[in-house]
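The structure follows.
We just call them A, B, C and D in the order they show up, numbering each chain from 1.
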Amino acid sequence: MANAFFSDLLTTISERGRTLLRRAGASDTRQDADGMIALCGALLSGAGEASGTAMAREVLDLYQELDATERRAFFEALVRDFGPDREKLAQAVEKWRSQPSDEDASGLHFASEPRRQELIRRLNRAPGGTGDLVAMRADLLGMMNGHTDLTALDRDVVHLLSSWFNRGFLVLRRIDWSTPANILEKIIRYEAVHEISDWDDLRRRIDPVDRRCYAFFHPAMVDEPLIFVEVALTETIPGAIAPLLAVDRPLVASERARTAVFYSISNTQRGLGGISFGSFLIKQVVEELRRELPKLDTFVTLSPVPGFMPWLKQDKDLPLSDEDREMLKHLDEPKWFENAETTAQLRSVVEPLAAYYFLKARTSKGRLIDSVARFHLGNGARLERINWLGDLSPKGLRESAGIMVNYLYRLDDIEKNHEAYYNQGEIAASSAVKKLLKSEGRRLLDMRLS
Amino acid sequence: MANAFFSDLLTTISERGRTLLRRAGASDTRQDADGMIALCGALLSGAGEASGTAMAREVLDLYQELDATERRAFFEALVRDFGPDREKLAQAVEKWRSQPSDEDASGLHFASEPRRQELIRRLNRAPGGTGDLVAMRADLLGMMNGHTDLTALDRDVVHLLSSWFNRGFLVLRRIDWSTPANILEKIIRYEAVHEISDWDDLRRRIDPVDRRCYAFFHPAMVDEPLIFVEVALTETIPGAIAPLLAVDRPLVASERARTAVFYSISNTQRGLGGISFGSFLIKQVVEELRRELPKLDTFVTLSPVPGFMPWLKQDKDLPLSDEDREMLKHLDEPKWFENAETTAQLRSVVEPLAAYYFLKARTSKGRLIDSVARFHLGNGARLERINWLGDLSPKGLRESAGIMVNYLYRLDDIEKNHEAYYNQGEIAASSAVKKLLKSEGRRLLDMRLS
Amino acid sequence: MANAFFSDLLTTISERGRTLLRRAGASDTRQDADGMIALCGALLSGAGEASGTAMAREVLDLYQELDATERRAFFEALVRDFGPDREKLAQAVEKWRSQPSDEDASGLHFASEPRRQELIRRLNRAPGGTGDLVAMRADLLGMMNGHTDLTALDRDVVHLLSSWFNRGFLVLRRIDWSTPANILEKIIRYEAVHEISDWDDLRRRIDPVDRRCYAFFHPAMVDEPLIFVEVALTETIPGAIAPLLAVDRPLVASERARTAVFYSISNTQRGLGGISFGSFLIKQVVEELRRELPKLDTFVTLSPVPGFMPWLKQDKDLPLSDEDREMLKHLDEPKWFENAETTAQLRSVVEPLAAYYFLKARTSKGRLIDSVARFHLGNGARLERINWLGDLSPKGLRESAGIMVNYLYRLDDIEKNHEAYYNQGEIAASSAVKKLLKSEGRRLLDMRLS
Amino acid sequence: MANAFFSDLLTTISERGRTLLRRAGASDTRQDADGMIALCGALLSGAGEASGTAMAREVLDLYQELDATERRAFFEALVRDFGPDREKLAQAVEKWRSQPSDEDASGLHFASEPRRQELIRRLNRAPGGTGDLVAMRADLLGMMNGHTDLTALDRDVVHLLSSWFNRGFLVLRRIDWSTPANILEKIIRYEAVHEISDWDDLRRRIDPVDRRCYAFFHPAMVDEPLIFVEVALTETIPGAIAPLLAVDRPLVASERARTAVFYSISNTQRGLGGISFGSFLIKQVVEELRRELPKLDTFVTLSPVPGFMPWLKQDKDLPLSDEDREMLKHLDEPKWFENAETTAQLRSVVEPLAAYYFLKARTSKGRLIDSVARFHLGNGARLERINWLGDLSPKGLRESAGIMVNYLYRLDDIEKNHEAYYNQGEIAASSAVKKLLKSEGRRLLDMRLS
């Protein structure tokens, strides 16, 4: 029985957004990047706010009309023509140099702010502006690829988006079968880990009593989930994905569920790349689930190891005997896992290697190789289990050699693990995982394990 | 028949906010500003987001416990200890000086950002954080009064709040008799122009068919109207406030209303002082009203002139004869307006003076003297009429010599007026107002009117 | 995180209702009861539904215009002219008599339905129709007073309203400080037990952490609470009302509350008189509270005894000595409770009498005398405690001799108590109450207590 | 900006309903119809409401467990054992016969009410009860087929459902792409006229700017659309369905749309069979559309003629020459419409026959043969156009000989047409349709056309 007054607040935004979506493309006036830049200048120079909102809307609408070349030209102009006020900046620098107080540093900070930051803030005033800016950032990312000439612009955009998508402004919503279709459609489209094939498949992920899905939304982009997580409620920690997603699997009654399995987390907005919500999402979902189902005592992921196979292939110095190295070639055979003998032999090589991959192998910069591992271990989770034959899908075999792992989120240890990871580079891992490295039966060469 | 999914989004925030409100004060641990500062350091140093939200909440809760002295100490520590990273800044300055490119200016900008900005962003992550930060700013403003040692902190806080309270994130809501009582209570409390005495008085302002009230809300502070405007629908432009607010006034049927009178605009959040929403509010309300009531063709204020009497008293150089100057002294008599003769004589002096006040008088810096006039004329409105005996309340007499004025918002002219005001300092005024300066019967001394 | 699609469903109705409210009175055409009756005939004869809704609306609007005499004439016409179809009924009766099967009884039932039932169903199709019919019933009740000529009409109206206000269609809502003012206004107006003096008083009843208020609503009358209950959360069972309502009382923290006290239940719609919701309300509120606050273990009322003083005055056969009878006269003195000696003496007489009043005294038809007692004991509650000096307000003294009682709702016993009450006329009472009848110190004459 | 308080009202019901849905099937106790009947007796005899809601829920849950035979036994018991109170009825009959006043007829009416009516009202008190009763009626209808022993029960159920699903309680909602998936799923499932093949197909029906869909909902069954209509906005009146549903059809911009085409109306609840909402739905949707799109001036259906082919085959007395009769046999050939010559010849026979079918042919009871025609013409629409080759789908050929018709809803004529239809059996038709009967080229034999 919630307070309902506020519940209407966002409807306006939502409707507004949708209307705009449809209007887009209706504009007749064709204009190039130059015209837009002139308009941006006017928008920025307006001392007051007289017609600023409409002008901002116009700039954003014009942007829609630009082709890729023009968009790049527009971005370049933002870099070139909307930097800081040189003169004011020079003065501030001198002032600071003559007497470098914090006070003057503050002056320096505000004097060096590129004028495009204020421009972007003013564009955001337009109805639907936030969503348009996020989409613009996606374009920008696409164009930056390898080039650094747009880096300064991107830095400013990210700076503002980070501030606006502050966790304090995000709202967690459960996604289920009574969620509007336009939202669900995006869940289907954006699922990045285990593809959702159609609406029936979607329903199996969100509707059964032992499934949950949660997403973060931003009040200014209410039609767009920003990130979402799919959860399975189970009795014990699962080791393979296929049974979880099977069409005819048995349901787990709520009173028997003890484990919540986060088996898929997907970001949806390319334009928010580099702004991380995942950690907040997992923690809040853990809280939601504990409130709803007090019997849950284990919160764990079932995760791919997407960097494992590339590493196997690229690393010249795997701590393996030649024989074992030879054995690994089986991984390239289709359906290798159907041969029981090969599979058993592979397991005795691959499992220790996987433990090594997590616990010892590092990039040239000393980082964990696996991006998924970096995310969860950085969040304070613990590497709980390595599951042989966890994912036999083509993608699972190609990227993870069929392995899946569980990262365990134990609320009491998160802080400690997180600190140890960031300060000492320590990996929290279960004894079972650690033992893989040291077990008698292990196949790894000794030399590099000290 | 709006899309309702999104309407629930904010409920969570709202509930959250309310719960926190009640929890506040329940904390047992007593801690001083030093402890808080240590906690702030920890919050800022956390490389990840592991327990950041909880830590932010803790800082904000501890702040509640501090007394005024401790709060000042806390602010001072933020100024002193959370400035920019000196070393990185020095390097950036040198880099820029050696080759002052925009690229390097960007480096300089980010290097000079005081660390308290990031701290404030992290505090904002806490549930209810935004509202707490706005309240903190209110404290800060109270302490700055006359002192400059906290200016740098205030500049950072304002910078972030301006970004977060971007017009694109604000939502307009109509306030009426079916609005939740906790919101209405704040309308009563915050009305700053024509006091609302009780709930019956409030109802007369928002419930009748010829009254409207609108407010801006922010999604992260859904219980708090940020600014609101009260509107009366009338047949013609009114010249006095008392008939508009009379208990037994006749209602104006919707089909006869031609004029929307903005007779009161109030900001509610001291902590958002300096961040302007009023211009956006008026323009959006004009749009709402035109959509709802297409017959409305005049949008006008009925405004006080709060700087008029102070100016009359302080300005030594009023363009008046000694006799007229003497006459003005009647304004200090109680109930002067009950004497018909005095009133008539005063009118012939005061009206031209009022026109002079708006059209000619300026501060030493060349600005309009009247803050209300600066707001509306800066928005692009036109000074339409000066109303003698418009407000005979004690406050109206004391501040405005009983005068009220109408500022006219004509959508087609707003841009033009706004530009002329900012670029040439030109005041848009009706010919009637201008004529007051030049009329034969005028009493102003000629010398200064060239 | 509720499903929000449906939450919009009712808005339409709500808006519709409000608009109509305002339109009422705007109708120009003046028409008498005869014209309405003709229109009712047309509405009823319409074979299809072509313009039925509009016609129904017209009848209801015309009704608004009638004065009391015309309304009575309208009701009389409904009784006289909209009875059953005589001919069909006579046939059905003959059919049934010749062979009295259930089948034919069914025919008889439908043949004997007065045509006004269908008329009322058609009136209900109009937007806002349900509320109008409830208001019409209130008029009808006012006119029936003592007369029986409208009884048949009332019977039909009650029959339909009972069906439409079936418990399955009622929705429980919490009322708190974020409830819309137009609802809260009605709480103030309709509170029938302990008057709410103004908005501040209201707030003290619904806003503090240890207070709750719940109401039933019907989807077709969303602006109107039908019945509401006010609840205080306390540590122990209270014996007096004044401390519960005191302005400066201490709050009870949620974690210390063990008892929920239903201290006021008010019906709001006179037109729904005779249709009982109270029992459902109390039971559902008990369930809500247990869900929200699992530590609550006692659910109890704090109730007046409104029939006690009238009974004392009217009953000639009170089982009292002449001396005690004399003593009772003190109850007519103002402020008698300020005299400690009198008060002590009175207590020794009145408390046993009160126990007698509940446990032994009956009306000539053998019913409990007290209407409040009949409600709660009929619901399955137990008479738990008689509280001397529980309500010293003028009304409390005048009606209840200052006594208040607690009825205890123990979910496990409700069914048993309810059955015993209805089947054997047994009163569930605590041993403390029973002991008052038998205690050594009791003052009641023995003769009638066997 | 609607009043949002009420918007939450229904959420509770909705959630409740959904929870129950899932609980169903979880009950362990197996019970037969006898046990249920005993429980029904207890529910009915309960003088108060102590545990009535729970008991009602139990009966409805037990019903779920019954198989078809047991359900029939349950229904039979309701007919047999829950009729009226014989004794009271006999008295009431005698009273009425001795002096047949309306007063006594009223007594007779209430005395003859079968006790199962009150039982059903009490079952309805259970959470989710209304939906369960509607489902029960669907079972009942299935079993009645041809038998009359359950007729009395059905009559009672229909009587109550008609009262509860009074138009005053129905809420119109637009269905679009932001509608919850659980509702949309039902639109796919229940579409009875032009099948919706999948979610993409659904989206094409509800999402484009030139499409609308509306449904009626009942507050106690918020997850269930009761009836819905699909609308296409077009420039002119269409004559064929395929272009309207084509995947790649061009959109019609809102400003060019003049015509709203109701091309599909589907009831969803078998259990509400015989309770008509369609007329109300069409009229309210016309009002909604006129409000939203004032340029619309034509409201028309595009309808099948499902009784046409059966009539062609069964009627021995078609007013045709033997040659034409022979010609009609082509209609049984697959893809006959691909032969241009046959098609042209057929047209000259079939079109006049279709006009005859609507304007002249009647059932033995004198009714229109076509159920769709009866619905729209009974609503006051006019038969506007007969469209040759309007629907070449297998179903369209099989039932309607490929013909489709337009019924025109002209608000000003609805009442008049409706009255003429019901009172004089007159069919409102355009002159074009009438001319088909009389045209020179017509092929119908003269004899029967007088």
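Throughout what follows, contacts are C-beta pairs under 8 Å (C-beta built on N, C-alpha and C of every residue); 3 or more make two chains touch, one makes a residue touch a chain.
None of the values given here were measured: they were computed from a predicted structure.
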item	value
Same-residue or different-residue interface between subunit C and subunit D, half as cut-off	same
Between A-B and A-D, the pair with more C-beta contacts	A-B
Distance from subunit D to subunit A - Cα centre to Cα centre, in angstrom	49
Inter-centroid spacing, subunit B versus subunit A (mean Cα positions, whole Å)	39
Interface hub residues of subunit B, defined as touching at least two other chains	1-8, 12, 14, 18, 173, 178-180, 183, 223
For the subunit C and subunit D complex, residues of the former touching the latter	2-15, 18, 47-51, 53, 79-80, 83-84, 86, 89-90, 93, 96-97, 100, 102-103, 105-106, 108-110, 112-114, 121, 124-127, 129-130, 152, 155-156, 159-160, 162-164, 166-169, 171-173, 179-180, 183, 217, 219-220, 222-223, 276, 279-280, 283, 378-380, 414-415, 418-419, 422
Residue ranges of subunit D in contact with subunit A within the complex	1-2, 4-8, 12, 14, 18, 22, 177-185, 198-199, 203, 209, 223
